[in-house]
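What follows are several structures.
In what follows, subunit A forms one complex with subunit B and a second complex with subunit C.
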Partner chain A sequence: MTGTAHDGFVIETRGLSKRYGRKIAIDCLDIAIPAGSIHAIVGANGAGKSTLFRILLGFLPATAGEARILGRDSRYLTPSDRERIGFVNEEHTLPGWMTVAEVTAMQRRHYARWSQPAFDEVIGHYNVEATQKVGQLSRGERAGFNLALSLAQRPELLVLDEPTLGLDVVAKRAFLETLMHSNAAEGCTVIYCSHQMEEVERVADNLIILERGALRNMSSPDEFRSRVSHWVADIPFRGPDPRLVPGLLDEQRIDGVYHYLVLDQGEAFVEFLRACGARDVHRLPVSLDRAINGFLSRQHAVPAAA
Partner chain B sequence: MARTKALPIQIVTGDPRPIGRQIVDAVRMRIATGELEPGAQLPSVRGLAQQLTINPNTVAKAYAELTAEGWLEARQGLGLYVAPPRQRLSAGERDRRMDEAIQAFVHEVVALDYPPERAMARLDKALAVLGRKSA
Partner chain C sequence: MRDIFKAEWLRYRLWVLAFAVVHLLLLAFFNRLTDLGQQPLNVYRAFAGAYSAIGALLGLHQMGTWRRPNQWINLLHRPVGPRRIALGLLAAGAAAMALAVLLPVLALLAWQAWGTTRVAETRHVLLAAAAFLVAICGYLTGAYAMLADRRHAGAGLVLIAWIAVAQASGAGAVLIQGIACAWLLIMVLIAFRPDLGESPRSPVAMAFTAITVQVGVYLLLVLAGFVGELGWIMQGTHPANMSHPPAGGHVETDRLSPRDRMLAGLAQASGTEVPLWREQVALSEVYPLERQRRAVPERGDLGNAAAVEFDDRVRRVHWTFNHERMRFEGVSLADGTRRGERGIGAKDDAFPAVATPGGPLPGMGKDDVTLIAGNSLYQYRAATGDIVPRILLPQREWILGSTPVGGSLALLGDRAVYVFDARHLGDGDAPVHARYRIPMPGKAGDLADVDMVELVDGYLVSFTFTWRAYDMRGATPYQTVLWVNDAGAVVPVATRTLHQDFPAFYRYRKWWASPVMYTLCTRAKHLFSAPDPLEAYATPPIPDDIRALAAALALVVACVGAWIAWRRVHGLSSRIAWTLACAIVGLPALVSLMLLVPRREAFVGDSANTRPVT
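Moving on, here comes the complex of A and B:
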């Protein structure tokens, strides 16, 4: 395809920073997201995800650094660049006073690459009538309609910001199914922001973790999971000072037994625990959501007054 | 001519085992118990992904692992089938893996402080499903 992202990256930032007054939302971020497959972005509230998208889509100027989307500087996006980018936000903001048919006709006029079969395929998963007013649709129907509009645009890049927030299980399933299995979504690079680990585990080829405006992980979910390990140690006296525990994400003492969630620690961690007086040491497997949550809540791992 | 049957497996999210691992385990278990017989066809990558609402790449990776281990075989242009049974590992490797499995099991039992006799009885029952095929 002509004019695709240079170097095969759909999104690329270099030294990107954004401050709101004294608060740093994006902190010298270097990120390069390759074309193809589904990339999940997770991060605590305020990690900088929404700010990043606003900058990438050219709605917000950066304080410093570079941002490129589909190979183009985000500050200079043309209408034809925008045609190649689909964006679905959590609110599914669409004019409530227009009918489904009217919104569809409007979008069709805006987008030269509009595909009616793609629209029909996606909307077929939802019980949406052309004559209905958008304001009368349920949240799940509006989400489906929004996804149908975005995919009919035949984007090369589809950015979804918390798209299933507030959807019931049925609507959520329909949404994920369309995203992963419809012909309409084929060949499209998807950026998926979500706080719902269950969805991340189902959809993500690549897991991107942002924290305080900086990139903290970029790998497959399984690879990330294997970086985190959970150790149970029976230490008869006091355990080690948490500040000395290598890679500590989370520490708990349950029924006199110490539980450690640690990052990037191999079998050498056993030696560490033994040196601290541990009698019995076990390693337990970690689920993806526990690994991500442990990683994101690391700041709270060490109580100030320990 | 063998027909594709739906593969009645479930996956759960939030499990310590990655989804791909759960698929590999479930298929191997079904082959080991004879529920999936040699020559049976597996669902397509897309089909199973859709059934489980997961990313097709996850299914593709699980199938690749099962094929590499010799549990499944590809027939050109037709899809994946359960391979005829054969010993896939050398005798030494097989013993080594068995030792590993026993070690892991024993450690768990110790951690649970479970009486060995009851553990044996439960293990016996769990392994009985494997006996069914050869019986």
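Moving on, here comes the complex of A and C:
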């Protein structure tokens, strides 16, 4: 148990599992997230993202396995460990009865490494008055204020758990711009959890996909997107049995043309389609959003009519 | 911690201030209607209940809002230890209780002391402290209920129950409230941790929580017994509620008229005079001696066990006993001005014990009042406005009541019945001496009825000891008839053993359910309290079959406890400790084990999700 990042990893889990009764939230998760850059964690609802953060921050005991954050066993985080870890959740839970100045003063006294310039820089992007009550701030302003507080702590690791949830387009853009271009975020490892794929595509250097509590992917977003391909095939008769389609993530028939979203399929897939009677086959570019959605929805039950 | 306190105080300050104002107005209103400093214990209990509930609401709201997952992370994920954060929040809660509860009570007390002519004494300051501590206990109980796992979230109520039943008075009662607060504070600090609802990690914390939960479980078991008793009553076979109670039992004896009870006592008696006595009893009036006291008022009591005030209707003065001065203080009924203080005799000496009004003496003036203080009975003479001693019992005896019996006065003490000549009492104002002293053939706590009949050559006195016959503390019920002759010699006439109407299984239910918990709860109840002479019982030894039942139950519980401990608890020493706890404490320990140590979550080895990382 040490207080520094172990082997350069800010987060490490080994065989980490968490059950709620019969439900598996985290399933033997082995993950090691290196220090530096922005790591995005994506997954459908119930994938175990929030549970993972709670275990990592010591707010939930694991059923089995171990979790370390900044090299420290999550169960034994000390106040000085917590000082090095910033956390922003989707609700931006701040004391609504206090003014911005009062909350700022309190945080300043709590965090020894507090950076007032960093706070001023970030809060400068928002129209927030020091005398305003936190409860009177709009959701976007509260998110910005929360981000400013977290970055001013100068954390080594900043965990953002769906921070833009419920924000309008303008507030969301402002939040992301601040995160990406603020000097305060430099030198800080960011774990960014979101359902918004365009955000992930924009901010993430590393893409981590969780599904049903298990790790499904860890690579750069471009690398992941390159693994997913979208094929359009004109098959005059009935298409192949989906169970026989290699790497199938999603299948659709639009205007009599078959669309296949597949994983890890190269040119050999063209031959497969032609063997199934395709007269014309061509490949379309895939957005990260489409790739991740296809990847995550392959196991999901869908309505019979879909 | 200071920042957390300040932040939390900002959150509640306006609400607390508003409550304090309303509270102060209510107290002022009630104090206009009556003297709030001289209320019976039950009135203060009602206030304590209200303060405790207010505190609990604050604790529930405060911790209830913080314990939501994201709020909780936001609160605790900072470079401040959980304990310091907890102390900051709790200090804010305590400050809120001080402003909302303590300050209005102190303001009322100040008004009482300097704005009225009513009696204000140190015990009233203790009363203010008690109000504050009870509110804090309620607050901490509410906080614990929100922070702890829901299976034992109500454990804090154990400490509230302790305060409610504790026998200590005055500073002792406040001390108990302080201990309860400290205990609850430790419980809250144990529960206040990032991973809410998890079992305490350290053995000490686990033991601390487990003991509280075990007492709570024990009290619930006792309560379950009471619920079962309600079913017994509904069934119509409960001895105390049967229209025809079991013959020869103590319930039947208690329901008899004094004459029939006396005759029942004489039924088995033998002797030449007995037939004649039976005839005399059938023809004469049999007097039940009144027991006007079931509790002894103590100096410095927070509440009044009995009224400590009376009115002089001639002089229009209201006299109230002052515990500090041990004298009565007078206030004019006409204009509310002070009318000095009144003690014993011409020098207004202090009373030896707290004085309370008693029953009338034969020949006493119609506006006179008797006052009972410990072993002495005094007469307040309205004509002269002074207090004179009339009856003095031996030291360390307590007067429980007085009843005119023909031309005599029978005085019931905790150790004997005394008979005085009514003419002597009526003739002068000097202390009178008893004609007869009839020692009580039992303990005062067991005494249910004393019946007396005047004979040609003395008195027959029947003592019935059945007061706690339904409970394991009470003596095996019996009735004894004594004859005191003209010369004052006391002669036993007959003793009748009464049938136990309640089976031993029922009477000893609090004991066999957990002998250890019974002892612990009994001692906790009497902690810091002086031995009460009126609660002296001739408790019989515990029957062997009940001991065997308790032992068998402990054995079964130990076996089940060991099995559960081996399945749920990590570490050999912890398993052994739990098994021993089950064997020693019994059922409460077993239930606490199941509540505090949940089933282990199954290891995820059977997961269907076995695809490799891609």
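Everything that follows uses one rule, which is that the second predicted complex is superposed on the first by the 295 of 306 C-alpha atoms of A that agree within 3 Å, B and C clash if a C-alpha of one lies under 4 Å from a C-alpha of the other, contacts with A are read in each partner's own complex, and residues count from 1 in each chain.
To be clear about the criterion, a residue touches a chain if its C-beta (ideal position, glycine included) is under 8 Å from a C-beta of that chain, and two chains touch if they have at least 3 such contacts.
Keep in mind that this is a model prediction, so the values were computed, not measured.
Engineer: Once subunit A from each complex is brought into register, does subunit C clash with subunit B or fit beside it?
Structural biologist: Superposition result for subunit B and subunit C: fit.
Engineer: Count the residues of subunit A touched by subunit B and by subunit C, then name the partner with the higher count.
Structural biologist: Of subunit B and subunit C, more residues of subunit A lie in contact with C.
Engineer: Write the angle, vertex at the C-alpha centre of subunit A, between the C-alpha centres of subunit B and subunit C, to the nearest 10 degrees.
Structural biologist: 160
Engineer: If we overlay the two complexes on their shared chain A, which of subunit B and subunit C does A:E91 touch? Say first, second, both or neither.
Structural biologist: second
Engineer: Using the touch definition from the top, say if A:F272 reaches subunit B (first), subunit C (second), both or neither.
Structural biologist: neither
Engineer: Is A:D222 touching anything from subunit B or subunit C once the two structures are fitted on A? First, second, both or neither.
Structural biologist: The answer is first: A:D222 touches subunit B but not subunit C.
Engineer: Determine, under the contact definition given at the top, whether A:E198 touches first (subunit B), second (subunit C), both, or neither.
Structural biologist: It touches subunit B, and subunit C stays clear.
Engineer: After superposing the two complexes, find the smallest distance in angstrom between C-alpha atoms of subunit B and C-alpha atoms of subunit C.
Structural biologist: 22
Engineer: Hey, what residues of subunit A end up touching subunit B and subunit C alike?
Structural biologist: In subunit A, no position sits in both the subunit B and subunit C interfaces.
Engineer: Subunit A touches which residues of subunit B in the complex?
Structural biologist: Those residues of subunit B that touch subunit A are 13-20, 46, 49-50, 53-57, 107, 111.
Engineer: Under the stated contact criterion, what part of subunit A meets subunit B in this complex?
Structural biologist: 37-38, 173, 176-177, 180-181, 197-198, 201-205, 221-222, 225, 232, 282, 284-289
Engineer: Inside the complex, what are the residues of subunit A that reach subunit C?
Structural biologist: 17-19, 24, 27-28, 30, 50, 54, 57-61, 63-64, 75, 77, 79-80, 82-83, 85, 87, 89-91, 93-95, 97-98, 102-103, 106, 109-112, 212-218, 263-264
Engineer: Once bound in the complex, which stretches of subunit C touch subunit A?
Structural biologist: So the residues of subunit C in touch with subunit A come to 3, 6-7, 10-11, 68-74, 76-81, 194-196, 198, 601-604, 607, 609, 611, 613-614.
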